[in-house]
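Each chain gets a letter, A, B, C, D, E, F, G and H, in the order it is written, and its residues are counted from 1.
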Amino acid sequence: MLAYVLFKVELGAEEEVLKVLEDIPQVKEAYIIYGTYDIAAKVEFEKVLDLGDLVLSLRRKCKEKIKDTVTMIVAKGFSR
Amino acid sequence: MLAYVLFKVELGAEEEVLKVLEDIPQVKEAYIIYGTYDIAAKVEFEKVLDLGDLVLSLRRKCKEKIKDTVTMIVAKGFSR
Amino acid sequence: MLAYVLFKVELGAEEEVLKVLEDIPQVKEAYIIYGTYDIAAKVEFEKVLDLGDLVLSLRRKCKEKIKDTVTMIVAKGFSR
Amino acid sequence: MLAYVLFKVELGAEEEVLKVLEDIPQVKEAYIIYGTYDIAAKVEFEKVLDLGDLVLSLRRKCKEKIKDTVTMIVAKGFSR
Amino acid sequence: MLAYVLFKVELGAEEEVLKVLEDIPQVKEAYIIYGTYDIAAKVEFEKVLDLGDLVLSLRRKCKEKIKDTVTMIVAKGFSR
Amino acid sequence: MLAYVLFKVELGAEEEVLKVLEDIPQVKEAYIIYGTYDIAAKVEFEKVLDLGDLVLSLRRKCKEKIKDTVTMIVAKGFSR
Amino acid sequence: MLAYVLFKVELGAEEEVLKVLEDIPQVKEAYIIYGTYDIAAKVEFEKVLDLGDLVLSLRRKCKEKIKDTVTMIVAKGFSR
Amino acid sequence: MLAYVLFKVELGAEEEVLKVLEDIPQVKEAYIIYGTYDIAAKVEFEKVLDLGDLVLSLRRKCKEKIKDTVTMIVAKGFSR
């Protein structure tokens, strides 16, 4: 399964959170973005509950840098 | 340059808009998602103004199916 | 699997959409609510893609009454 | 009376807040969800002001874990 | 009971909707406002379900002018 | 001039902030509400910049209890 | 007085609405933007009620192209 | 390139953040505003990544006063 996760982070913590995301193998891509959210990540996982493991990894590493997250689970689509 | 675009579409028009996105070469991936938005797409373009061409393509093909869009321009990041 | 779906409907169409939801067996409960959204429904489904069938049922029956939907897939929890 | 309450909680505090909700008898169901909010709960209460007691219970037990709440009071509906 | 209702209306329909609200006795005050919403109204009603009657009155009179509403039921407070 | 101000406050701090608002003469009414925001207040002021004085009063008295505010300046309307 | 107005417009109508804004003398600047909103405009006006005239001008010229507006009245600041 | 940045700041910190913005040469204008956001700024920069330098300047000077930012990159428009 796939999900997109959008992050709001502390002002100026974008690069630090991006590096943490790069160390998590389930995170297949992550980008600093401009707009309402600061980082967009694409995550691969086996079943819905595994998304919780990702959250726990993030919590141990940069909990106080992340102010808000939105998770969008993928139903279907294409990539090329 | 890269951008993520989130779409809200008419109830039940998700698959139709996904197919239109598949015919636009700048759209590198697009997924039907669950949450506040219905489709997430990743778009490649040369300069900021070229994003307007994508919008015009979409307008000709499925204008009345798309209710809302949010564009997030990418600053930097990784993909693997 | 379980999901909550929040609906914004046309002004005054709350009761009509509630009746349509009552005819869909996967909808286990649905309530007219006050706030930003107008109706909250709890839906049971086998796998993530089956949520699409619910959307198609709704589309055939009251497409133009529903202005916006937000889907929140359940990870875990309790009911009593 | 019934109300749905949506919670945004500290990153990784979902399970802890879920347990606190399980100890509050007025909370009839509560689920960790994916999307903009992290937990959805259904609450039963006698009159509108009693919702304040629930808030005070939550405050004593996990105030600093809960970042945001949205309350949606139920007008009418069905459950099966 | 009291509730505040915020309205988004069609561009330029503010005055027309304000006049309709003035004809509804339960509407105790209503103002055109600047910001995300266009009109704020304070409504008095006997019980939660009576709010539905207000909605039906509005629907008959200016349904297609009103794009979105948010209802906030009052718990307690003061006025002077 | 008139303005409505919506407040999000710390979980359980609704009554405390309501009392602070009652001590500010420009606040003509204030109510604890259910929904996305926690308190709605109506404020009277001479000119747009005077709204800043209200904010400073609030800051001295309960800064850390107030998480978010939205101000909606009134153009015109009625009260009865 | 000054105000910023953010517009959401019909997909692909950005340039058309921009041209209409250019014909309204009170609009001192207007830009097509990427994000949640599509156009940002800075407007100069004598008193709060004059903002209504701008809305009426826009309504006559491109009512059905504009889906949503947010108005932010300026208190003070600098420009260079 | 141009971008608008909207800020939410700590209650009562509007003037302090405005002064910090005045010391950053890329900030061409900044205003305290009423509505959902507290300050609107217009920023000039060479390329998308330079927006990051502005963020770092702000972080060093008033990180804990700024609660949320939204960045809207300009595609095209007019100023007079």
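By definition in this document, a contact is a pair of C-beta atoms (placed from the backbone, for glycine too) under 8 Å apart; a residue touches a chain by one contact, two chains touch by 3 or more.
If you're wondering where the values come from, they're calculated on a predicted model, not measured in any experiment.
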Option in B-G, F-G or E-H whose residue-number contact pairs overlap A-C by over half: F-G
Using the average of all C-alpha atoms in each chain as its centre, how far is it in Å between chain C and chain F? 35
Centroid from C-alpha atoms only, then distance chain A to chain B, rounded to Å. What do you get? 20
Can you compute the centre-to-centre distance for chain A and chain D, using the mean CA position of each chain? Integer Å is fine. 25
At least two other chains touched by the same residue of chain A: list those residues. 14, 32, 34-36, 48, 51-52, 70-73, 75-76
Which of the chains touch, listed as pairs? A-B, A-C, A-D, A-G, A-H, B-C, B-D, B-G, B-H, C-D, C-E, C-F, D-E, D-F, E-F, E-G, E-H, F-G, F-H, G-H
Spell out the part of chain D that touches chain B in their complex, as residue ranges. 34-36
Which residues of chain F touch chain G in their complex? 1, 48-49, 51-52, 73, 75-76
Give every residue of chain F touching chain E within the complex, in rising order. 2, 4, 14, 18, 22, 28-37, 39-40, 70-80
If we count contacts the way the header does, which residues on chain D are in touch with chain F in the complex? 3, 48, 51-52, 55-56, 58-59, 63, 66, 68-73
Chain G-facing residues of chain E, complex: 8, 10-12, 14, 32, 34-36, 67
